[in-house]
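Have a look at these structures, which come just after this line.
Each of the next two complexes has subunit A plus one more chain, namely subunit B in the first and subunit C in the second.
Take a look at the complex of A and B:
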């Protein structure tokens, strides 16, 4: 018996690895009509892990001090071997991760996978979306460049429009009246410790819910596309005669992750300036506001909404209502039908939402 | 049999591709974390001889590690590594006894670096010096 086999037998006799493999990998059956969109969750897990690893590596040289932060990032980019690669994977990776997250949510919407009994999966997923936006915003300040400084000033300032508590909340968020060294301290702590921990826990809950409820059957290629669950008792949605997760779908997941990596490295190597504007290469100056400071692409629609509406409070209210509607969607849309083409009103709403979001983002970019 | 051969070939290809990917990912990370060559401190150091009186020692950084220059009561100049050969603590100069003491485990060294007492297995390494026109050049 080879050493590896003996080692496996040693562990298996003690903790029953074979049983776990049978149940969770080879015996974990997925619907036969499963499609590529179901890989987006695995891509996101991988993307988050990559952000954590590159973030840890950046911590080796990054100094979270307003006097030294910009210089330390400059040193990582120009002085440390392959520092540019680690930093660009982290900076571009945050953008690609959000893009995949949006696609994951859109596919869930289109296939009606948010419907009962998967309301909690949707709510935790939506929470993850908000947390990832939060971790991106807090990380944006870290390089302490003109772009970081003023984008954070604008983003935190919008909270001041909230009645009564608004101005106090902004001061609390910034650690002072203006963005300054204390803002960097608290944003850094949120970015590297608090938010990753919370995101990790919510991911665990999200995956736990997925495993307990069972993976949804795609509504494509089936006669009856209605939701079969009546809500009478707990039921695990099994897929007898389905394809095994390992090796079949795991290989599919691996291919999807490799495509994600190809896109990520494509941007890192051929469009390395994608996450930066010229202001990202100038150290933060609290007395010099640059012209045309804009947020990252995924906040452009929010930014433009605040610009076009007559007052900021109205802008925040509109966004709050839209986000709350999206977060509570499974409790609002209770029809059993899951096929997108058999839900014309819903499909029209989704398409309008996407067009509106893209339109506002483009408008925000060009304005 | 034919299938077994194909399975083995694909297995070898997969293992090779995985190993290549691991090297491609691991090399930049290793280089990123490895200390930069040339950052190991000064290779030569010049200290004015007048700065050091008889019976005194002066500690300094040499080639990225702690070193010490001592002028014995007889006027002899000696440069030594200040890193104890036992477990790597930095020795301290005991002026009253004219010897070095490692505070970690009470190792004692003479001004020529030899072990006087305690657990150090080897003497302190000597560093070459030259005295020219009132300047001591270390290294």
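Take a look at the complex of A and C:
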């Protein structure tokens, strides 16, 4: 018996590795008509892990002090061997992660995978979407550049439009009347400790829910596309005769992750300024407002909505209503039909929503 | 109830993330500009001229040169608040030299400066008084110089300096380009600043031999900066080659994984 086999037998006898492999990998069956969109969740897990690892590496040299933060980032970019690569992977990675997250949500919408019994999967997914936006926003301040400083000033300022508690909330967020060293301390703590922990926990809940409900069957390539779950009792959606997760779909996941990495590295090496404007490389100056500070692309639609509506409170309300509608969609849309082409009203709403979001984002970018 | 709490939490979280409003806040105008800007006569003309100037571009307002209180209309022109007003012809170089002491020194030692008070030009003769333009070689031109003397010698000086100015401008643009992409250009920018200052000190020099020898020295300094910039450019190119290899490798690996999956499907 080879050493490797003996080692495996030693571990297997004690913790039953073979049983886990059978149950979770080779014996974990997925629907036969599963498609590439189902890999987006695995890509997101990988992307989040990559952000955590690159973030940890950046922490080795980053100094969360308003006096030293900009210089420390400058040192990472220019003095630390491959520091530029780590920082760019982290900065570009936050953007690509949000793009994949949006695609993941859109595919879930299109395939009706949010429908019962998967309401909680959707809600936790939506919560993750919000948390990832939050972690991106708090990370934005870290380099303490003109872009960081003023984008944070603008973003935190919008909270002041909330009635009664607004001004107090702004002061609480900033740790003072204005964005300053206290804000950096708060955002840094949120970015590297609180939010990653919360995101990790919500991811665990999201995956737990997925394991308990089972993978949904895509509504494509089959006659009956209606949701079969009646809501009488708990039922795990198994897929007898399906394809095994390992090696079949694991290879598909691997292929998708490698393509994701190719895109990420393509941007890092050939379009390294994608996440930045020239103001990102100028130290923060509270006395000099740059001419055109705009939020990241995924906040542009929100930004433009607030600009075109007569007051900020109305803008916040409209966005709050839209986001709440999206968060609670599984409880609003109770129709059993899952195929997008058999849901014309829903499809029209989704397409309108996408066109509106893209249109507002482009308008916000050009304005 | 729990869902209500969840949606409230989501709303609260979202409200924390929404960016808003116009980020661009213009600095309020000084009382000098508010008053003079509304005047149509010669007292209002400087405002329009100033708006096109290098001073306006760098936020140097009326009080930067003329003194006074730019926030208090009643005392804006009070000598007690440092108002100087318009300098006389002979006081003009000293007036500008408060902020440009190096240039003042160069000017005073030049043929132009030595003729101050005897029909020689002051700063505003060539640079303008309110529509002050950036100091470049274009200021040495036939139309301007022939107001006082022939253009012959000025042309030789300008031609000797022209290539150097183009190099300084080109290197400045390259440094700016790198700075805008996160490269630490502080040392290079300081080097260029020193070279540019040396070069500008020649702007008031009328000794052709000195202009030529100084231009050679400055060009040698510029060549060193150019070499450093080329090193950065080469590093960038190498990164792109490495990037192409990495991306191609990842795509090939993705394709292999895909083929492997297909082989399992057939099995």
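In the analysis below, the second predicted complex is superposed on the first by the 367 of 367 C-alpha atoms of A that agree within 3 Å, B and C clash if a C-alpha of one lies under 4 Å from a C-alpha of the other, contacts with A are read in each partner's own complex, and residues count from 1 in each chain.
Just so it is clear, a contact is a pair of C-beta atoms (placed from the backbone, for glycine too) under 8 Å apart; a residue touches a chain by one contact, two chains touch by 3 or more.
Quantities reported herein were computed from a predicted structural model and do not represent experimental measurements.
Taken together in the superposed arrangement on subunit A, subunit B and subunit C fit without clashing. In the superposition on chain A, A:142 makes contact with neither subunit B nor subunit C.
After overlaying the two complexes on the shared chain, residue contacts for A:179 are found with neither subunit B nor subunit C.
Residue contacts after overlaying the shared chain place A:60 against subunit B, while subunit C stays out of touching range.
Using the contact criterion defined above for the overlaid structures, shared-chain residue A:44 touches neither subunit B nor subunit C, since it reaches no partner. Once the two structures are overlaid on chain A, subunit A sits at the apex of an angle of 70° toward subunit B and subunit C, using CA centres and rounding to a multiple of 10.
Once the two structures are overlaid, the count of subunit A residues touched is higher for C than for its counterpart among subunit B and subunit C. With both structures placed on the common chain, the touch criterion links A:203 to neither subunit B nor subunit C.
Once chain A of one complex is fitted onto chain A of the other, the partner contacts of A:83 are limited to subunit B, with no touch recorded for subunit C. No C-alpha atom of subunit B lies closer than 8 Å to any C-alpha atom of subunit C in the overlay. Overlap of the subunit B and subunit C interfaces on subunit A comprises no residues.
Taken in their complex, subunit A has these residues touching subunit B: 57, 60, 80-83, 85-86. The touching residues of subunit A, counted against subunit C in their complex, run 74, 77-79, 84, 123, 126-127, 130-131, 133-134, 137, 150-151, 153-155, 157-159, 161-162, 169, 173, 243, 247-248, 251-252, 254-256, 258-259, 261-262, 265-266, 268-270, 272-273, 276, 278, 280-281, 289-295, 299, 302-303, 306-307, 312, 315-316, 319-320, 323-324, 327-328, 331.
On the subunit B side of its complex with subunit A, the touching residues are 28-29, 31-34, 36. The touching residues of subunit C, counted against subunit A in their complex, run 3, 6-7, 10-11, 13-25, 179-184, 239-240, 242-244, 246-247, 250-251, 253-255, 257-258, 260-261, 264-265.
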